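In what comes next, chain A is part of two complexes: it sits with chain B in the first one and with chain C in the second one.
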Partner chain A sequence: MNTTNIELPAWIEVVVIPILNIIMALFFAGLIMLAIGVNPVEAVGIMLNGAFGYQEGLGYTLYYTTNFIFTGLAVAVAFHANLFNIGGEGQAYIGGLGVGLVFLALDSVLPPILLIPIGIAAAALFGAAWAFIPGWLQAYRGSHVVITTIMFNFIASALMVYLLVNVLIKPGQMSPESRYFAEAAWLPRMHEFFGLFGVSITKTPLNMSFVLALICCVLVWIYIWRTRWGYDLRTAGFSESAAVYAGIKPKRVVVSAMCISGALAGMVAVNEIMGVHHRLIMNFPAGYGFTGIAVALMGRNHPVGIIMASLLFGVLYQGGAELAFEIPKITREMVVAVQGLIILFSGALALMLRPWVVRLYLLVRPVREVSA
Partner chain B sequence: MLDTLSTIYATLDATLRVSTPLILCAMAGLFSERSGIVDISLEGKMLSAAFAAGSVAAVTGSAWLGLLVAILVSIVLGLVHGFACITHRGNQVVSGLAINILASGLTVVLGIAWFKQGGQTPSLESSARFMPMELPLASTLSDVPIIGRFYAEVISGHSVLVYIALLSVLLTWWVVYRTRFGLRLRAVGENPLAVDTAGLSVSGLRYAAVAICGGLCGIAGAYLAISQNASFVREMTAGQGYIALAALIFGKWRPLPALLACLMFGFLDAVAIRLQGVELPYIGEVPVQLIQALPYVLTVVLLAGFIGRAIAPRAIGTPFVKER
Partner chain C sequence: MVNEANNAVEAIVSTASSISTDSPYAIELRKISKRFGAVRANQDIDLTVSKGTIHGIVGENGAGKSTLMSILYGFYQADSGEVLINGKPIHIKNSRDAIAAGIGMVHQHFMLVDPFTVLENVMLGAEKHALISHSAADARKELTRLSETYQLTVELDQPIGDLQVGEQQRTEILKALYRRAEILILDEPTGVLTPQEADQLFEVLKALKSQGVTVILITHKLREIMDITDTVSVLRQGQMVAHVNTADTSMQALAELMVGRKLVETNHQRKTALPEDTETRILTSNLSVTDERGKQRLKDINLEVKSGEILGIAGVAGNGQSMLLEVLAGISLPTTGHFVINGQEVSRDTPVGPLKMRQHSVNHVPEDRLKLGLVKAFTAAESSVLGYLYEQKFTWRGLLQLHHIKKMCAKLMDGFDVRPGNPKLKSASFSGGNQQKLILARELDKRPDVLLVGQPTRGVDIGAIELIHQKIVDMRDGGCAVLLVSVELDEIMALSDRILVMYEGRIVAEVNGRDADKTTLGLMMANAHAGAVT
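Showing the complex of A and B:
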């Protein structure tokens, strides 16, 4: 039976099938745990407790969530234009370069009220610039954005190693990282912010960029579904020829979508460099760019879905760290494996279970709908 | 003069060694992509195969068994990719990425759980590895100037897998251009509907292609873990799967140009190691990172159409829908 043309109610398509996919992924993750002799149920308990059970855990969870919201939104915006931006990793890295250059030059001159907006703008601008080139090449030279962004990740990595080892390194220091920025350039941590109102919470890396991430979610939602640019984006992504007939210029859409995507990925640097490390360090994107792909796939490219998927990955990261601490057999890489499974089942095999769901739905569907 | 010559030979020798996994993976990718299946999971398959080879060779002490299991593991991953892309018409890039990420996590998780050496597999005795072998007449010919020395110092003295890699290029060329299967393979990557109309199975051909692709990546992974090195190390592929993909594109999806691209990228790598900290006349010290990034930069420039044109198989990346 060919089930692809049978329509399902929205709640099944948007809620039931994605959840079934995640369950499949977690089932295989459980099998891996069994294979290395760990009780999956106990492991889930430790993870949940590590992620939510106490204030510090929760802070770390939301700190990771922030990164995933940025990179998830980045991938989603490109997806709406039918572009696959695998370059979030490189764009985040170069975004960090932007922050680093601006702060190393200006942090002793300007007050925080100017420094912080400039830092955020630099992160977004540099990320956008790094995505602009693959976007432009796809639009005007016909090279595929998937391949070019993969190449640009490696080029970014080589460039940053060169700059950190030879140019930006703090003189007289062995490890390749820049000097610390002046405190004026540090993005306030959440515990400092709450402290202003007399509320005391535990000190964690969670900082104000979490709020920025939520603002970005709203802005992306408005952009995609409530502006004419978003309409152009979705139209060009859906059908290039239809877009041309509607007077939309698909090439411009490709370039602008990649720039916005890159800017969002670059914001990872706001959290990591401005909020946490306070200096430019090697390899700070640490795979967040790739996780963004899983987040966007799970969140069905919608900001609300992305927030939920980001939170799930935040739990996996923080809970995974806790797990590695509690059970020596498990390492943090378990989270990477789970991430691979989620991308497989929520992305590539997203429609694997659909025929079964359709059959089940046809069985239990009310009779009057059958006659209609 | 003599010194320069031995430096050149040593660099070429290293080129061949570092190019081997690239060559195998590029040929692997060629089968998959020529059949219309994008494969960015060369990296993940090679990494998993390297882990399998390292583990099996460490446990059994047999290099050949290690190679066999590496090939099997990599074929299974190729079939997973096929299952997602062919049977379920999933996004091929997403599927490839999933395999890469899964491999990157799982190899470390299993490695630590099984061997407790921080993700590394136990060091292998030379009996459990593919060791360099001397080709016939190498020592006799080494006194012959230029050519004899070239044969003895560059061509001879590699492990059997290096020669298998070189043979795989000829074999790939022969299969793709001179056999019925190859003709069908190319057809299915250009126009699957025509192949379907001729009564052939598009899925069958594509599954065969991803399986061959897996097998070749398996050999590449085994080479890394039990020939070039004496154990599996976490993330030991270090992006070479992507470089191979770049070489495949650089070679415009054809075996011999892809081989040349692999050798060129391998040569860059070998030179980069040699130039580390060396002051060149007039130029000064060349940043190693620049040379390392060069394969990627060149591929981007090529794809942008600034040096020739790389045209992909026409049906690449699009799932085939038989029934309407």
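Showing the complex of A and C:
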């Protein structure tokens, strides 16, 4: 029976099936744990406790989540225009370059109230610019965006190595990183923010960019589903010929979708560079751009889903680190394997269970009498 | 009839189909039911078809014809019921089983490989030897025999892409016969043919019948049913509502059985001539289009449409009508020539896009509703503003005014009897006819000065056709200039005040709508009439 065209209620589609997928992934992860002689239940307990059990753990979890939200949204926006932006990694990296250049030039001149917005804008602008080129090439020259964005990740990486080693490096040191920015350019950490209200929480990397990520979720939702431009984006994404018929210019949609996508990916630099490292360093995107693809897939390209998926990956990152620390038998690589299983079941095999769910649903649901 | 002289492999293939029992029926279906989710596509269908007859199956879209035939050909499994071939119960799990049981199918859209020759296409998937050259030699011998027996003449060594549509269809029939089909199912076979090509097809079908082949003809063209079938079944809403001998029924009776109510046939031409000083809304001069591969799609099109008239463009699909619509709607640009549409001058150097066309009251109902007319994944409400978001009432500072859009969509659905009338449903979940009504509602509601309409009733039920025709005529009577492109001659003849016939990108004839007759138009569509353009 072909079940792909049978519609399921939204709650099954966005809640039940993803949870089933995660259960499948955890089941296989559990088998691996058993194989090396670790009690899976205990492992899950350590993981959850590490991610949520105490303030520091929670802080780290949400700090990772922030990055995933940005890159997940980036992939989702492009996806709604039927584009597969694999260049989040490079766009985030170049976004960091934007922040670095602006702050290295201005951090001693301007007050925080100006520096922070300028830094955010620079991250967005540089990320967008890095995505603009593949977007333009796709729209006007037909070079496939998947290929070009992958290439641009390498170009970004090479460019940053060159700049950090030769140009932006702090004079008189060996490690390829810029000088620290003035404190005026540091994005307030969450514990500082809470401190303003007299609430004391543990110091963690979690900073105000988490709030920015949530704001971006709302903005992306409004943009895609509630504005004229999002309507154009979706029309061109679903059907280029319908877009042309409606007087929408698909090429422009491709370019603008890539720019918005790149700007969102660039926001990773706000969290990492402005919020945590306070200087330009090498390889700070650390795979967040790629994981964003899995996040968007799992979150069904919807901001709410992306927040949930990002949180899940945040838990995996932080809880996984805790696990590797607590149980020496479980190495970092094993944690990566568990993450891989979750990506496999939620991304690549996302619809594997759907036919059975559909059948079950049809069985339990009373059939309305409708004739063809 | 099976030639025993061939090798053992064929003998195995043919045993399944040449078992003859005492049953007089080639096909017998007993209480076949099939449901898709909540939709009952087939309910307790009984059907018997005698050997060596031509049986017609008629019904509106979504009546369950295709589902029933798909069950017979193994694309779907019936939920319940029995299939008997030559009196023997049989389980058809896939098309391979169907072929083994002697069932062949000619689909509406041909399943042929364009660059391959006729011979290669026929033997594709049924090669009998490891080496192509051996298979080809065998196939050639067999095909020569088949084309002599059934008067099916096709050049075996021509690439499919170079053949006329009628010849491609004959290749499909040869394919089925080569696989020893004794039951041949044809799904809407004449949709793409000129009336003359259709006549040739019918000759072939008669020859097949005289050789004992059983033919099932699925169509919504009642004239064909009357002309060629021996018996006919009518499906309505998934149920079989009648089995009759064709000789005992009439087109009117069949149409009413299909729709389930009385139909009134009307001719919609203007009763009075247009006044001399009527405003011209479309005027083209030497409009030509050459595509990027250098093929001439339109050549020197000169036409005029006035306010308050319907100009029909007749022609076999693929003769430039689609390009003409696209050019006039601003989607494609003319290569040379220019046109004036509702006061705007358009040429290659002064392009006017689809959006601006709409703003100048030139609306377009596209031929391909699923690719152009709406977005399948959108809700009906979202599809109902496709192309019109520039209108101030739908947006406020770029934000969609969804409640307003939904309200307007509900109004459109009400006015055009779109069912179900729920703006929140996905566009894809409406039937073809209701999708078409939604698009027409969107384009007609604006009361445009110029209306470009392509295939307004393709795949639309008889009941909905009446409504759609009436709405187009109402537009005309309100002073709109209508350009109607359709491959349905009946439709062109019922609506058009004037008719232009297109052939290979040119206008080859013009006739007055009232004087048009089908035979002459058919000849014109093949450019074979007196005064044909060379």
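As a working rule, the second predicted complex is superposed on the first by the 362 of 372 C-alpha atoms of A that agree within 3 Å, B and C clash if a C-alpha of one lies under 4 Å from a C-alpha of the other, contacts with A are read in each partner's own complex, and residues count from 1 in each chain.
In the analysis below, contacts are C-beta pairs under 8 Å (C-beta built on N, C-alpha and C of every residue); 3 or more make two chains touch, one makes a residue touch a chain.
Being a predicted model, the structure only gives us computed values, none of them experimental.
Within the superposed three-chain model, A:A265 lies out of touch with both chain B and chain C [touch as defined at top]. By the touch criterion defined above, A:L362 lies against chain C but remains apart from chain B after alignment on the C-alpha atoms of chain A.
Touch criterion met: A:R228 reaches chain C, while chain B stays clear of it.
In the superposed three-chain model, the partner touching more residues of chain A is B, compared with the other of chain B and chain C.
When the two complexes are overlaid on their common chain A, residue A:V161 makes contact with chain B while staying clear of chain C.
Of the two partner chains placed around the shared chain by superposition, neither chain B nor chain C is touched by A:I17.
Of the two partner chains placed by the overlay, only chain B lies in contact with A:M334; chain C stays clear of it.
In the overlay built on the shared chain, the residue A:A76 is in contact with neither chain B nor chain C. Note for the complex: chain B touches chain A at residues 38, 40, 80, 83-85, 88-95, 97-106, 108-110, 112-114, 119, 239, 242, 245-246, 249, 287, 289-290, 292-293, 296-297, 299-300, 303-306, 312, 323. Of all residues in chain C, only 35-41, 43, 62-64, 67, 237-238, 329-331, 353-358, 364, 366, 368, 371-378, 382, 386-387, 389-390, 395, 398-400, 402, 426, 429 touch chain A in the complex they form. Note for the complex: chain A touches chain C at residues 6-7, 222, 226-229, 231-232, 234-235, 238-239, 241-242, 244-247, 362, 367-372. Interface residues of chain A facing chain B in the complex, by the touch rule stated above, are 2, 32, 35-37, 84, 86, 137, 141-144, 146-148, 150-152, 154-155, 158-159, 161-162, 165-166, 290, 293, 297, 329-331, 333-341, 343-344, 347-352.
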